[in-house]
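Per-chain numbering from 1; labels A, B, C and D assigned in written order.
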Amino acid sequence: MKLHEYQAKEVFADAGIPVPESRLASSVEAVVEAVGEIGFPAAVKAQVHVGGRGKAGGIEIVTSEAEAREAAESILGMDLKGYTVERVLVEAGVDFVDELYVGVTMDRAAGEPVAMISTEGGVDIETVAEETPEAIAREQIDPAFGMHPYESRKVVYEAGVEQQFAGDVASILRTLFDLYEDSDASEIEVNPVMITSDDEVVAADAVMNIDDDALFRQPELAEMEEESFENDLERKASEYGFEGANYVRLSGDVGIIGNGAGLVMTTLDLVDYYGGTPANFLDIGGGAKAERVANALDMVFSDENVDSVVFNIFGGITRGDEVAKGINEALEQFDEIPKPVTVRLAGTRAEEGMEILNTDLVTVEKTLESAVQRAVADAAEVNE
Amino acid sequence: MKLHEYQAKEVFADAGIPVPESRLASSVEAVVEAVGEIGFPAAVKAQVHVGGRGKAGGIEIVTSEAEAREAAESILGMDLKGYTVERVLVEAGVDFVDELYVGVTMDRAAGEPVAMISTEGGVDIETVAEETPEAIAREQIDPAFGMHPYESRKVVYEAGVEQQFAGDVASILRTLFDLYEDSDASEIEVNPVMITSDDEVVAADAVMNIDDDALFRQPELAEMEEESFENDLERKASEYGFEGANYVRLSGDVGIIGNGAGLVMTTLDLVDYYGGTPANFLDIGGGAKAERVANALDMVFSDENVDSVVFNIFGGITRGDEVAKGINEALEQFDEIPKPVTVRLAGTRAEEGMEILNTDLVTVEKTLESAVQRAVADAAEVNE
Amino acid sequence: MSILVDDDTRVVVQGITGGEGNFHAEQMIEYGTNVVAGAVPGKGGQTTAGVPVYDTVEEAAIEENADASVIFVPPAFAGDAIFEALDAPLDLAVAITEGVPTQDMAKVNKRLSEVDTHLIGPNCPGIITPGESKLGILPGNIFSEGNVGLVSRSGTLTYQVVDSLTQRGIGQTTAVGIGGDPIIGTSFVDALELFEQDDETEAVVMCGEIGGEDEEEAAKFIGEHMDTPVAGFIAGRTAPPGKRMGHAGAIVSGSGTGTAESKIEALNDAGVPVGDTPEEVADNVESFL
Amino acid sequence: MSILVDDDTRVVVQGITGGEGNFHAEQMIEYGTNVVAGAVPGKGGQTTAGVPVYDTVEEAAIEENADASVIFVPPAFAGDAIFEALDAPLDLAVAITEGVPTQDMAKVNKRLSEVDTHLIGPNCPGIITPGESKLGILPGNIFSEGNVGLVSRSGTLTYQVVDSLTQRGIGQTTAVGIGGDPIIGTSFVDALELFEQDDETEAVVMCGEIGGEDEEEAAKFIGEHMDTPVAGFIAGRTAPPGKRMGHAGAIVSGSGTGTAESKIEALNDAGVPVGDTPEEVADNVESFL
């Protein structure tokens, strides 16, 4: 789960990390009111989960009420890489002399968190990581002990942070690391941490992603999830319990449903291999019952981009007859099937499932390859 | 630093451990009022740092107001193994069917905390430890990870706690362990944890000792220290900064001051070896200046049991001339020296120190052995 | 021969009194797995699926000589259950549970460096030595005895490939699902090393997916240390960066690490053919034998 | 010969810009110790006591080839300073600081099991190889070169004994104060083992005190593994149970473990004479030579 910048900054401020004064606004009038309270210069920043907001026109610096109104009108409601901007953060402008990158994430290969600081802040850190990896100081942290103070100092000095600010930056890093652990974050980064012209150290942006698998023990953060949904499909996926990225919307037109992440990914890859474009990833998981299968179909039908649907089930604990029942139930509600559905069942009770399936409503294929080919062809037909 | 039972129970209750209802009282009327609120039966428990309070008459169970008054009159002001009882805890009586011992302490040899449970609760656990060590289930806890839930269950089951109460007892143990870590305790024990007749699990007594060296980061517990002093000498030692057991009062008549714990202990041992009895242990530490030396003398003079004083200084960072100056300053305040003082200086600037010392006020000895013998003889003379 | 589990493996099922634990304990026993005990706090003394239940794993290990466990415990308690298995100590722990918080696994990972226990998973289907023993939720009927080892980050994808092999008459020595989480116990390299040492394993199938660098490390290991031929597959070629695909570990980072291209290239460089479809993988294995 | 430190030991002083750190850095240099750097966060680039100061111990280790540190850091930060020395990594860390919270030391103790660094202390006077190198606060002038090793939990008691030895013309190979805290790095056994291996050490003095079981373990080690004769001393014979005597570690528990009697008996059983007074200890050493 990704927190919005304004949510992450609330968390940071509560933990004692200095952040600029700010207001959340979802209307032009609210933006104007906010700059009235905060003063100028101020930044108007789109609150959507999109990287590179600035370059895409999602952030504007304003120095007057007229500019603020103009910026609000242009940003609120704009489409930013496919997401509609519904909220902006209005924030006091910071007069900075230097920018740092400070972050904590999980080093998968080591199985340990890693703390990072770079004096190349304010730019895309992934570009820095690729082009000048030596510009990022890294320190792996033993998860049993947590971050020792000396480790925070080590990474600060290794990054080459000026001595005058080393203590403040180390302190921010330690607080971020504690937040990382206490909030079950998968990633926290502040890019940039700004050194202001009056020698303050301020977190000017905030990224905080929470481990979906740990939300059960993070009730306060879980409450923020509702506000973090970007559209109705994401909200519906959560309601249906396809959370934890079991539903991922993509940009193609072949809807895909299967059981098991690897098999569903493989189905996506085969759609591509046979010339189609996947509209989504939807993993119904192991042992799904009829209702979950019906919900999955509703989920995919709700995506207006979808032109055909392929079901790919290899039953282990999932039973083919249950899946078939769910498909029938879901489709029998319609007077006319909204999009053509192809089904491939294998493994546990696949034979029984194929007998149950109403072949007036779906096409049954015996192999994975033929099922995908059929769904790709169906979608192509719609687009002709 | 030892917390009183009532202090420890406050801490336990705040952490969610069930304790009986109670009131602290320092007068007979307050005890009567307390039993009026709490009801009968109730326990009236002396709040002094003495083991085996019950056997010594420091705890009484009362079933009427008259008995409460009687108990209060007998316990308040009583002398319990050398300590005057100034406060009692009035506590709701618990109708129990079983008693357990639950504790956490540091296993020095392993350098790890150890959690312990025994179904032989309610009696002196050290007797159990000596006579039937197998009756205590022990589990060492890795201090980097803290206590895993399974570890609390393991020790509960190994101790043979009935399955019905295993969950509650394990939960108390985990809370105690977290308190142990969060409070920088050196020891926490509840003896007994009572299983009540209505199947509740209650902490009926509470021992909590805090690492003196960690009090600087335990401000709330440090505040409790004032109330934990048992007499004026302990209070004075704390004011003079002889904390951390650098001043320990004993029962003899030869006052002992030195630098370094091992050397002071050795001086005590030599007093004993030469037929005297040590009145105290007082370590002025390394590098003491004149004022600290003077304070140490005042400290020892304040003990009415002391009949003579021996100073034993082996200077490393401590300078003999500084010590001599402090001794002179302290003694020059008196018209008459209250108790005879013998001084032995060795090591750094010992020669200079011996020249500075006012031999009208003190006796100077060249060796440790002769100094101790002299002080023992001085004390013996007073007692003749 | 086989790796990690065989006829002699004595299994305790952690969480045996839960719905999933109970069901799969029975399935394992039916398959022939030597399930000797269950372990569930507070349920000691009961009998479930025909085996005695103990309050702690340690008791099960002592009383029933269990040397391996399969963990069916809800995510909130799974980390603790793994620690308990490591501490018992057992030789092998197989964590089926999906959704274990990553930071719990980071702590488990640290402890793994201090003990000798093999951990498989979490979020995995388990391990099976066909005809001998199955620890986990794999459908036993699709497997057959033979000479191909199989290691995979995915459950149903494994079934898909195994089904193809079995239908072609190609059996398996051992198949192990190592799990789809970012931090797991047994890695590809660990499993490949065991297969390389196993005399009966004549070829290995390795099914990777996007995310992390485990496949790249495996490729390096294969190139430098393996004589046994390996056929590869990588799922997630079409996944866009920054989107997690079901598995918590299946995500291409924004900086482009963990892509299917990188993994396929590394495997190809190590002489491993990577099939475009599961059928092609089976074709490649067939060509090795 | 000597143990742990000699002419070649390259020392970084952690906390060199503080009052104590600065004073003793100068004292050590005056004694001839090869002090090569200081380490104090935020003071990198300065020069103190004639040596360069670095912000981190790691930098001092890399830039000046330091392989040992002496830690003069206030108690609240001493645990962290020790971790920093272990992680640098150095071969030896000597923690002088008194009053380090015990639970900080429990964590340090865990880390010590994972690294190769020797830790001496905390709450100790340090270590000295007379005529070569001194790491800590011991008064160098009372020591002399010779063939007796000395290990002690107490500082000034060590001086008392050393002074007696030196006055009798008996010099020392190395003297090490292991510290008076409940949890310390180098134990009696560790130090005795090193002295046993040292060719020049012909006799060892061991000054123990009440509390813990380290002396009993040392007695066992001496009885089983040492040819070099050992003369013992135990302070705290008159300390009543339950009262801590200055040193955080010097306490006889209520159950009677850690008493002077138990320690003296164990040492006597191992053939170690235990003196009643420091002079008797010197007598015993003299009788060995």
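Just so it is clear, contacts are C-beta pairs under 8 Å (C-beta built on N, C-alpha and C of every residue); 3 or more make two chains touch, one makes a residue touch a chain.
Chain identities (UniProt): A, B = Succinate--CoA ligase [ADP-forming] subunit beta; C, D = Succinate--CoA ligase [ADP-forming] subunit alpha.
No experiment lies behind these values; they were computed from the predicted model shown.
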If a chain touches chain B and chain C alike, it appears here: A
Furthest chain, CA centroid comparison against chain D: A
Whole-Å gap between the CA centroids of chain A and chain C: 28
Inter-chain centre distance, chain C versus chain D - centres from mean C-alpha coordinates, in Å: 50
Separation of mean Cα positions, chain D and chain A [Å, integer]: 55
Residues of chain C whose C-beta touches two or more other chains: 107, 111
Residues of chain B whose C-beta touches two or more other chains: 142, 144-145
Chain contact topology (line, ring, star, complete or other): other
All pairs of touching chains, each written as two labels joined by a dash: A-B, A-C, A-D, B-C, B-D
Residues of chain A that touch chain D when the two form their complex: 145, 148-151, 153-154, 157, 163, 166-167
Residues of chain A that touch chain C when the two form their complex: 51, 106, 108-109, 111-113, 126, 129-130, 142-144, 181, 184, 186, 211-214, 216-217, 244-246, 248, 250, 258-266, 268-273, 278, 281, 283, 285-286, 314-317, 346-348, 368-369
Residue numbers on chain C that touch chain B, as the complex places them: 41-42, 44-45, 55-59, 77, 80-81, 83-84, 87, 107, 111
Interface residues, chain B side, partner chain A - complex: 142, 144-145
Residues of chain D defined as touching chain B within the complex: 20, 75-76, 98-107, 109-111, 125, 137-139, 142, 152-160, 163, 180, 182-183, 207, 209-214, 217, 233, 235-240, 242-250, 253-256, 276-279
